[in-house]
Structures are given as structure tokens and as C-alpha cells.
Amino acid sequence: MSADRIFEVAHNDPIARDTYVLTLNGDTSDLTTPGQFVNVEVPGFYLRRPLSVADWSAGELQLIYKVLGQGTAAMTRMSPGDQTRIISGLGNGFEITEAEAPLIVGGGVGVAPLFALARELLSRGQSPQVVLGFNSADEVFSAESIRELGASVAIATVDGSEGTAGFVTDALPSRFDYFYACGPTPMLKALASATEQPGQFSLEERMACGFGACMGCVTNTVDGNQRVCKEGPVFSREELAW
Amino acid sequence: MSADRIFEVAHNDPIARDTYVLTLNGDTSDLTTPGQFVNVEVPGFYLRRPLSVADWSAGELQLIYKVLGQGTAAMTRMSPGDQTRIISGLGNGFEITEAEAPLIVGGGVGVAPLFALARELLSRGQSPQVVLGFNSADEVFSAESIRELGASVAIATVDGSEGTAGFVTDALPSRFDYFYACGPTPMLKALASATEQPGQFSLEERMACGFGACMGCVTNTVDGNQRVCKEGPVFSREELAW
Amino acid sequence: MVNPLAVQLGTTTLQNPLIPASGCFGFGDEFLDFYDPNILGAVALKGTTRDARDGNATPRIAETPAGMINSIGLQNPGIDVVLSKKLPHLATFYSQPVILNISGFSIDDYVASCAAADGKAEIIELNVSCPNVHGGGISFGSSCPLLVEVVRAVREVVTQSQLFIKLSPNVTDIVEMARGAVDAGADGLTLINTLLGMRIDLKRRHPVIAAGAGGFSGPAIFPIAVRMIHAVKSAIDVPIMGSGGVASASDALEMMMAGATAVQVGAESLRDPMVIPRIIDELPALLDELEIDQIADVIGEALAS
Amino acid sequence: MVNPLAVQLGTTTLQNPLIPASGCFGFGDEFLDFYDPNILGAVALKGTTRDARDGNATPRIAETPAGMINSIGLQNPGIDVVLSKKLPHLATFYSQPVILNISGFSIDDYVASCAAADGKAEIIELNVSCPNVHGGGISFGSSCPLLVEVVRAVREVVTQSQLFIKLSPNVTDIVEMARGAVDAGADGLTLINTLLGMRIDLKRRHPVIAAGAGGFSGPAIFPIAVRMIHAVKSAIDVPIMGSGGVASASDALEMMMAGATAVQVGAESLRDPMVIPRIIDELPALLDELEIDQIADVIGEALAS
């Protein structure tokens, strides 16, 4: 179920270069699984901004966003006490499997939903390996908090300023039997080429509604065009047939 | 001279039915005479709202506004600390004359600029009589503060709930040799018909710029169409030839 | 007691004038999380074509000041699936009037779909903003002779449903187009479909929308819709469904004063799924404030008399 | 050092592409309180007619979401006063290029004004959105044959100034109109003039604007302007002054990528008199961010190649 809810900003703090964590208070009962997203009204902009749920608990929602254009730039000016409308409970989220050696792969701000995913896998007794890719060390976020959960985290940076120099595909572990991935499309496609294991990709697409009504956000699947906001944002490798 | 300035809201308080006084801090050096106006940016609305200067001093600006439509309704939500852009120093304002027995006539929210006018006349040793018209007693404002300046104030209300029952024209003093008037056009026209003395009318017209560039706000004068925002908002009786 | 919001749209009575616009309400079930569609005056379903369509490449969406651009390209499962699956499914939870929005790329397309659809919904709404593949890509809605031809042909096969023509605003003379449609047999008009618009991505130096230009709608276009409805209703006494930028109860009333009998809400209901129920809620108080007994009384009130 | 903002508009060099649009800058002196107009690329003066005009009844202004409607009705002192008084006065404080905007209600009107104006300004911009009194009130800008006729006639008498035609967007096929104007001898085009729009006052049940409909502009119409400029520049290699909804440095650049060589700012400069100086200030940093050396390099960059 999804619903349009009013949330109140609790904190809005920088955590990496151009990257902020926005903590809001409100009803999070529409959220059921890691990898879902919300659609956030930003004052002065017509469309809402779709953002993955980075973390949530009863009454508290955390989003991690990167300043990309004018809307996310305006979000940095949201202050504690400000209210905003958020459509919550959107998308399918990751489907948790019983894989033995799961791998979590994130790139850039696509790392946002992976903390909650890692925690979920760990809580089920699985031991995910995690590989996160960024442009440079000053953009790295969530790595430490995922390590604190007890998962091993490898970092790749394009400029080599932290971890492996290169892309996430240069830092993949030798053994894994399933992956969960979120990041820019070129990264996801590179991952698909570099691997043969089954897995899930969380996609991005420009959206109007976010709840399935406009057909604005489709991606091509083996079943034809499917909505990223409704049938996705997470699609399995077989569905996408990349 | 006019300029686009940033002001900060100090107070925004109701003073009569649907009527608020908005006190702002900022540079008021563009203001020179009672009857000038400013053009106020209201968040979420494209055009600015023209409002008479009710009072000003170095660093402080007072506006009195009535909730009429959506823009003025939104203004009631401006809170202390909020900033807004204001084009200040607009319009000609009243021309102060040496009349012996000046009369000040105001109707509804047109009363806004008359406090500063009364004070100016009193400071020059003149003794203005003041007649203010409202729909009903709960809409009356500024009467008490003008009395406190030392001027005699008569009230007319349409429903008779305070002062004379009827319009300002029903409460005019028997003797005066000049008038300064601000209020809705029907009131100003009634005043013009009911009197023969010379005087000045402050007009309202829908505006885009407020500073003379668009020709949106004209009124017909003996010299053809003149801009209410630039040649006005105050016009003498002879100019309008009502 | 009389329902103060009821309006008579041609031969169809609506419990209120509010209708989600075609393409902004799927086939009726995407809003079930948000509200019960039975509160609506009617629903307009997603534009349907003779055959199933995948639609355009993505990105299909761009943002504009007070509006948006879409380039869905009529992704839909085709008229047979709509009639055999979508309509019966809709009927399981919805019992107010239905508007089937039909698109096509040739007169044959339109006729085939409309013949199949006739009688299956209260209103068939013809979307004529699509390019005519047999006419050098000119859209049916931007050439009066072409428009007349398609309306005449469709009128032959639409005998049980009301036939409304949804006009494109991208024309020099909207009154001429309206007159053509009505003279060719339309029962009513929907005014307006989207304008053509484009945004460009500065970094990619390329239009945001994959197809280049797209359909521009939302509050930004409201004054264009009001003026076209006003112009058409001033010239022709025909039932009009207004469409274009409605985002509030006062917008709905304004469009009705311009001449609309009912009011469709598109883009705004995508960014704010609760806007239509809110408008329906707020209308009675707004009518009171303006001392209006029956909303139907305001239709065309702002026309010169 | 090369000025990175310079552009070549036909035969006129502009120090930057920013121009206040006609009707939004008076005759050049209304902004003196705000900034020195010599920072501008050029100025477009208020629409001028053969004889002086009082303009339309008030209200002349209405507000819209992200825009406004105006109905000035070409109030102006007439071409003789503009040439004998306004231009000499402008020259006392301004020395960059001048665009004289000429309107008329018959071909004779246009020819008389343009003959008088030729050579008095770098550019004569023909506003063809006015009704032709000899043609049943159809505007010159909404009929291609009429447009061709007026451009041909004016071209005869405009031999020293550049002749730009400012097209109306209220047409079915903007490319056809553009081609007509260019084939008839125009040196360049201005795209776009205002759209037709209307707002209705719910209390009065009457259009806000006394004349009913008016000219709709501001950020709301930006995507329409971008798409028309893009369509015309894709079809015809002609210098274009963009106009319609520009409100920021990135808007200016977006319009140039669509094909505009220079960019006019109208409504936004009325609500925010400092917007043009701010855009000029901000452009260099934006160019740096996008790794663009010369702003002229972006013109038409978003056209399919």
C-alpha cells in the first residue's frame, strides 16, 4: 500500500561530498522491505523527487540524497521543523532470497538503500559481501555503517583515492552466488556483463507519479515495457535479460 | 529612486477582521513621502503584491494588508525571520499642500497609508480632520492610532455598528478646503461627486511591474492614460477630471 | 435533497464534474491505494489503440515551471484487452460513468476501435492528437478536413455511447476545429489536450525527452485551456469537458464559468494523488462562499451575454 | 581577451545575448533606478505604431501559475515621437544596439512606420501578432499569406536596419510561418510572442482582463518557446532571438541550445527587475561548470545532427 503523508524534517546533514542524509518524522507504516522508495514534494518544483528509503523505523524515515540538479539543491535548504508531503511505500523493493553467498553492489548514490538491505540479510543469518563504488574518497558514505553491522565492505574509487582504483567490477569478490545491485545504469550493465550469477538490479527512470498511473517510467523487460515505479524499481536479471 | 531590497519579517499580526499589520526590517531609504507603495514578493505567486506603506522609519517598514485572495491569504503565513524581496520607493505619494483645513478620507484597507499622512500634516502644524469608512466595526483599524496623533477621527460603517451608519460621504465634516483620499474606486468617485473642494485621490489598479515599465496599470487622466504606479498612485482631482 | 454538484454532460448525468483525465488514471485501479473512485464524476481511461503498443523510448517525462512534459507514446494493451479485461475488472469496484479514450493512426484504426467500444462505456472520447500515418504525419487534430473526416467515419459506428472529440490546442483556430467536429456529428468536446513542449538537458545538450518534444500540461497551461473553452463555448453551444492545468476547486469553477460542464484533472493528480478528492470536498464550501446553489448554474457564466 | 559572452546576431554583434523583451522595458529609462542598461546585449523598445495609441481598458494584467497575462493594447506615443524624442533620449545614456519593435493594423501602417524607422536602430523587429483591420481581424501572424505579404512590403523599405519578424506561437505550424517570413526577406526571427490566455474572476464571473483574453507569458510558456525555436532552427538556418519564459542563466543557455542566438526576457524582468543583470553575472560560472568556452558555441547544440 502507498499513501500521501506529511513528514516533518528532523535533520538534514551533509555526510559526503554533495551528499546529505535527510531524517524525517512521520508515518512509515507503508514501508515493508529494503529497496522501496518514496516520492518527495520539494517546495517550488512541480514534480516530486523519487528517493530510495535509506532506512526507516516506526515514525522515522531516512533518505540519502545527492545534489544533482535544482530540486536536490533546494532540498539542502529544508530545515528541521519544515513539513513536506511524501508518497510513501512505493515500488517492490528487493526480494530477499536464501542465497548462500550474497553480494551487495552499490554505486554512487545508489548505495542509499543498501544499508537497510545489508541489515535485513544479516538479521536472517546471511553474510553478505558488499562492494561500493564512488568517484573519489570524499564521496564515500554508508561504508562504515554497513561495516558496523558486521558485513565486509570493499570500496572502489574511480580516482583511486580509496580502496581499489577503478569500478565496482574491478573489486568484485571471487566467490558469490547471488547479487543485489543499485547504482547508475552503466554500472549495472557493466556488472551484468562481468558476472553470470543471478541477481537483482534496482533501476532509475524519470518519473511523474511514482505509483503506476502515468506509464512514464518504463523499462524494457522480457514481458515488454514494465513500470520502474510499480513492477520495479527492482528487477531480476532474467526479467531484464541484459 | 526605487530598488529591489530584501526585508525580514519582524511581526505579522491581525489588527481587524481579515486585516494584518506586517512589520519588516530592511533598508527603507527609498521612501520619501506618505502614500508611496512597495511591491512584495509572496512565495508561490508569480506577480508581486502592491501594498501601500502604512508607516516607516530607518530600518523598519509597516504594511497593513487585508486578505482578499490567495496571495494575501498566503501572506498571513509569513513568520518572523522569513525573508522576502520588496521593491521599495514606488509611486509619487501624496503631495503635501498648505491647505488651511485639510480633510483625510479613507475607506477599507485604503486607510493603510493615512496614518503616516496624518502624522506628516500634524508635524507641519496642520490640523487634519479624518473620516474613515468600513463595512462594520470589526474591520476598523488605524482610527485609534490616528486619534493618538492628535487628529479628530470620524467613523462611518455600512452596517452602523460604529459611528455614522453609511458611507464616508455621509460623515463628511461641514467645513474643509482640501482633501486627501484613499479607498476603493466607488468610494473615491462618490467623494468626487459629493464635494467641490480640490484634493488628491490615491488609486488602485492591477499591476505587473509597479515601476513604470509595462503600462499595465493606467488610469485615464486629462493628459491621456497615465501609469498608476509611476505618475500615481496619487492623482489630483483636476488630473482625473472625475 | 438535490445534489448541488450534479451536472448533466450531454445525456450522461454526473454526480459531480470531476474526472481524472485520460492517461493520468491508468485503467482505474492505480488510485485504489489513495481513494475510492466511486466518489468521482466519471473516469477517463488510458488512451487505447486498435493494437497493443509499447510506447516511446525513455526518458518520457520532463519537468517544467508549474507543469510537466510527457511522451508516453500511447503504451496500452490494445482495445480488445481493454474491453475484455480492463473494463470488467474496473466494474468490480467502480460503478460511475466511464470514458473510453480512443486513439489511432489512421481512420481505419479509429473506426475499428470505436466500433468495438460502442456501448461499452457512457462516453467515447476521441484523442485526435496522434499523427496520421497516411497523411505525412500531420495529426488529425491539426487539420480541419482530416478532423471532419475522422469524426464522420467514427460517428457512423458510435451509436450507443456519446461521442466526444478531444481537441488539440496546437492549432491556429480552435473554434474552426470545434465547429468541424460538431458539424461532423460529435456530441461534445474535450478541451484541451496537451501543448507541444520541450526541455533540454544542459549537460547532455539534448532534449530531456527521448522523442524530443512531448505533451506539455499542468497548471502552466491553465490560462490557455480557459481561453480556448471560452472561445469555443462563445461560438458553439456544445457540452465541453474542460482539461488543462486544473489543480484546485477554484480552478474547476473557473473552467466551468468559461463554459465547461465537467472538468478533467491530469498532471496535478499525478503529482498529488489526493487532489481530486480534495476538490470534491472543497467545492460545496466554495459554492457557499460565492453564493451559488447549484454548480451547474455557473457553466458559461463568464461568457459575454 | 575574447569576450566569452559575445554573440553575432546576423550582422549585429552583441556583447552578450541578453535583451529585455519589447513591452517590458518601456523606452529604456524605466530601469535606470535598477541598473545601467549598457550592460545589456541590446534593448527592445515598446511596440510602436504609426499613430499614438491609448491602449486597452483596464484591468490589463492577470496572474497565472508561473506567469501572467497582459492586455496593454500597444499604448505608445507613435513612431514620430519615438524617433524624435525617445531614441535621442535613450542615446543620452545608452550606447549598445537598439531594437525597434513595430506593430501595425494594416500593411500601410507597417510600411509607413518601418520606412520612418529604417536605419534609426540596428534591428527592426516586426510584431505581427496584431489583428489586420482589413482582414476580418485575423492577425498577420496567424495567416501565412498575410505574413508573407507584410514582410515583403516592409522588406522593400527596410534597407539599413536588420529586419526580424517576431512570430506568434498561436499557430498550427510555426515552421511554415518561419519559412514564409524568411522567404519573404526577413534577416531573422524572434520566437515567440505571447500565447492567448484568459483568467476569470470568480466573484465577478467575468474575465479578469477587461478585453477578455490577453497575451500570456512568463516561465509557464518556456517549454513551448523552446520547442518552437528547436523546430524552426531544425528546419531553417536563420538567426533567432528567443523569447518566452526565460528566468535564469540556465534557461538562457537552454534556449540557445534549442537554436537561439540571443535571448529576450520579458515578464520575469517585470516581477524581478534585477533578473537580467543577474543572468549576465551568472553566465560565466555556468559556462565554466559546463566546460563551454564561448557561449556562441552552444547555439543549436541540441538540434539533431
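The chains carry the letters A, B, C and D, assigned in the order they are written, with residues numbered from 1 in each.
By definition in this document, a contact is a pair of C-beta atoms (placed from the backbone, for glycine too) under 8 Å apart; a residue touches a chain by one contact, two chains touch by 3 or more.
It should be emphasised that the depicted structure is a prediction, and the values quoted were computed from it without experimental measurement.
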Between chain B and chain C, how many steps is the shortest route if every step has to go to a touching chain?
2
Relative to chain D, chain with the most remote C-alpha centre:
A
Roughly how many whole angstrom separate the Cα centroids of chain C and chain D?
33
Distance between chain B and chain D based on Cα centroids, please, to the nearest Å.
36
Just how far, in Å, is the C-alpha centre of chain D from the one of chain A?
46
The distance between the C-alpha centres of chain A and chain B, rounded to whole Å, is 56
Touching two or more other chains - residues of chain D:
62, 64-67, 219
Please name which positions on chain A make contact with chain C in the complex.
1-4, 41, 45-48, 71, 85, 87, 89, 205-209, 211-219, 224-225, 230
In the complex, the residues of chain C that touch chain D are 62, 64-67, 69, 142-143, 170-173, 195-200, 202-203, 205-207, 212-213, 216, 219-224, 226-227, 230-231, 245, 247, 250, 253-254, 257-258, 290, 298, 301-302, 304
The answer for chain D against chain B in the complex is residues 23-26, 30-31, 33-34, 46, 54-55, 58-68, 70, 72, 75, 208, 218-219, 267, 269-274
